[in-house]
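For reference, the structures are reproduced in the following blocks.
Both complexes below contain subunit A, partnered by subunit B and then by subunit C.
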Partner chain A sequence: MDYREPKLLPGDLAIWLFIFMELLVFGLFFIVYAVMRIQNIEMFNHYQLTLNRELGAANTLLLITSSYFVVRAVHAIRVDNVKKCIYWIYAALATGAGFLILKSVEYSDTFAAGINLSTNMFYMFYLSLTLFHFLHVILGMLILFAVAIKAQRGAYSAQNHTGVETGASYWHMVDLVWIILFPLVYIIR
Partner chain B sequence: MIQYLIKNYYNVHAIWLLMMLLTVSTYFIGRLGYSGAIITLFLLVTAAIKGSLIIRDFMELKGVSLAWQLIMYGWLWVVCLAIAVAYLIGLTL
Partner chain C sequence: MKYESQGIAKMYFIAALGLFLGQIIFGIIMGMQYVVGDFLFPEIPFNVARMVHTNLLIIWLLFGFMGSAYYLVPEEAERELFSPILAKVMFWVFLGASVLTILGYLLVPYARLAEITMNDLLPTMGREFLEQPTITKIGIVIVALAFVYNIGMTILAGRKTVINVVLLTGIIGLAVFFLFAFYNPHNIVLDKYFWWFVIHLWVEGVWELIMASLLAYVLIKVTGVDREVIEKWLYIIVAMALISGLIGTGHHFFWIGTPDYWQWLGSIFSALEPIPFFMMTLFAFSVVNQRRRDHPNKAAVLWALGTAVMAFLGAGVWGFMHTLAPINYYTHGTQITAAHGHMAFYGAYVMVVLTMISYSMPIMRGKKAANETAQKLEIWAFWLMTLSMVGLTLILTAAGVMQVFLQRFSEDPLPFMVVQDELKNFYWAREITGIGFLSGLFLYLYSFFAKGKEVEFEEEQLD
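Now for the complex of A and B:
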């Protein structure tokens, strides 16, 4: 059997260590939510119905699409197409901004209804989990924006695009977390 | 036939479309008010499939070291399993 050398991780190792730590925190958060729900099923089910499921679903579609755009950016730079790489990163940023806008609309409705972190346990989890993720979307977008600026300055090519892969990996992690968060908080009952 | 389909249609575009459709199905399950053990397991398997596609084909971890694949897929499936177990325990109380 021919032994095939494992492929290198895309991007910097440092970002993967950071991704791993973030996933541990989110994973723990999800499990604590699921365990705390055991003792409060009626309450969780009741208040879950007050969430805006349409915005949650639309945001999932936006993040998946944004992640797909970033894949296109990585593929473009690998064939030395810098222009297209920049184009796809800005498309990803636009869809990411769409996520932030929809999320802000959702939060403004929530806070306008007088709901906050201390209203009850369900809302405490809903707000803290989604706000924590919201901050990661912003950080991910800052990283992508920095990559776009460097790409515009000619920093990346088919031979040298680790930075693009690094930004892409982090952005995919932001999407991966939301893929679980959405059904867990908005749908499962 | 399956090999033909995979060879010719398994790409990031098809994966994006599949994940969009799976998301729409998740939404309508919520919209129609379905609940219970079977539905929840379906939702979690759906999330795990989407997560696996992101790890394998968007993050491009296919072919990297076994350790990193175990870390990423392990995280995904352990979290989904733990949520499923917690949910099932909740049903028995």
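Now for the complex of A and C:
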């Protein structure tokens, strides 16, 4: 019988080290944001209202949905259904792309209004935090895409699917960061 | 040596060590000028000694990187170097250009050098570390492109490993970012801004890739640990180095006239810059602990571990000390910067090149490891150089703290030169550590010629 030690963390341990470091970067960023917000509460509250919450909320839904899709992909490969696994990964990629499109629409409005990093401290944080996250969405999608291609080549099975779990773990991190970022920057008053 | 063309590394390493010796001698001259102002004046003014000291450092490290790449890449790619002739020709071109440039600094006044080399046509001279005449800079670009081409073609045609791909990425980056040396805007803020694209993105960006891949290569060789494990570490270290290092450039933009947001971006991202160095330390020690064999070259293992520790201290810890904008407001350009610069360059780049030399030189001379006496001397030299550098760094840090308080932080700040006079004792002590370092270097160079009993080991342990 194929017996494997129950693992503490799904996927490759290395990705968890990386996820931990990424969370450290974002965590530090969030703390600095929070401290500066306390010191400039009125300015932050004022400019927060100019953000497009509807698009932000839609993006939150997109990322949560896409996280659900990668969960389905991992479940599919655990029962050896490679085809379904690939299908769900592409679904996750599509929702990820949806996020990028909506965010680009939001950015184009922001930039059209003549706002940039130097406009004020609130926009500096808003732009740099979301742009940094935007780059992570792209990186996460590249990782998922690489996993999808490997899956198509038959690299994964019910016995061996660490790669799928690894990609999924990273994608959940990208989602998690947005779930904190969205209320922090767009909503909390 | 598995491939004949790996032997080209030898000439690069010998040139590197020769220039290294020159660098340290000029460092000691300059250290003396700190306390005896007219020492060797007018033959070697302070600004010239400084230029020679820093330029030689860059040049010999480049020789070291190139030598390392020529040694490592054929073995990783499992084929001979694409063009050994090109590598040899470029060696002489680069050495010739370097020696002429240094002689130019020493023999003619800098302004005259600019005239002779027709700096007017494309002015690029006169900026710290990029003092080279334009013609030398063009030479550097040609050498770098030929180097990238040679290494790139070898890798493309051969086996692609994580190590040689990371190394190639590093050297392409090195070549690309150097191009900013040719951009010399009139606006002094813009000038400084893009100047850092060369300086920072070299040492805190692409050079880190070169360093990580060299270290990983030596660790695979001396420990026999699975490539897969080492490659995973390499991925994470490189990712972290780039995430923190690229935007970390901002820590140079705090007080030079750039937009305010750099104070935030620079502080946040560069606060994370110690992480990849810390991981390199963890990496080196965990890999050595899991070793599958005891390599006869003990000195190389020591250099590899030393690199990881000293890079973390010098680049990571000493960098972090003054990387936050409010602290940097007081400390920039003081002896604290000098302390950080010395230990970071030594710990990260000098030591990684010496690690490669220590590992590969005996092999290129026909044995697995240097003889017992030579290794013993090399290990002594390691400690002498490293401890001297630790001493030098601590002394300059103390001097820097005092400088900040007397010159910038106090209610009643003193003028620069008055403060320098107050620091005299520190500078004397620093000169002593410098001489300690030079003796270590002499011992190190001598170790290559020492004769003694060959090291015994089981042949089948090694690949």
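Following the convention adopted for this analysis, the second predicted complex is superposed on the first by the 182 of 189 C-alpha atoms of A that agree within 3 Å, B and C clash if a C-alpha of one lies under 4 Å from a C-alpha of the other, contacts with A are read in each partner's own complex, and residues count from 1 in each chain.
Note that in this section a contact is a pair of C-beta atoms (placed from the backbone, for glycine too) under 8 Å apart; a residue touches a chain by one contact, two chains touch by 3 or more.
Values in this document were obtained by computation on a predicted structure and should not be read as measured data.
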{"item": "When subunit B and subunit C are modelled together on subunit A, clash or fit", "value": "fit"}
{"item": "Chain touching more of subunit A, residue-wise (subunit B, subunit C)", "value": "B"}
{"item": "Touched partner set for A:A14, first subunit B, second subunit C, both or neither", "value": "second"}
{"item": "Arrangement angle, subunit B at one end, subunit C at the other, subunit A at the vertex (C-alpha, nearest 10°)", "value": "120"}
{"item": "Which of subunit B and subunit C A:L131 touches, first, second, both or neither", "value": "neither"}
{"item": "First (subunit B), second (subunit C), both or neither touched by A:I101", "value": "neither"}
{"item": "Touched partner set for A:A158, first subunit B, second subunit C, both or neither", "value": "neither"}
{"item": "Touched partner set for A:H172, first subunit B, second subunit C, both or neither", "value": "first"}
{"item": "Nearest-approach distance, in Å, of subunit C Cα atoms to those of subunit B in the combined model", "value": "16"}
{"item": "Common interface residues of subunit A - those touching subunit B in one complex and subunit C in the other", "value": "24"}
{"item": "Contact set on subunit B toward subunit A in their complex", "value": "12-13, 15-16, 19-20, 23-24, 26-27, 29-31, 35, 40, 43-44, 46-47, 50-51, 54-55, 57-66, 68, 71-72, 75-76, 78-80, 82-83, 86-87, 89-90, 93"}
{"item": "Subunit C - residues contacting subunit A, complex", "value": "232-233, 235-236, 239-240, 243-244, 259-261, 264-265, 267-269, 271-272, 275, 279"}
{"item": "Parts of subunit A lying in touch with subunit C, wherever the complex brings them together", "value": "12, 14, 17-18, 21-22, 24-25, 28-29, 32, 117-118, 124-125, 128"}
{"item": "Footprint of subunit B on subunit A - complex, ascending", "value": "4, 6-10, 16, 20, 23-24, 27, 30-31, 34-35, 37-39, 41, 45, 53-54, 56-57, 60-61, 64-65, 67-68, 70-72, 74-75, 168-169, 172-173, 175-176, 179-180, 182-184, 186-189"}
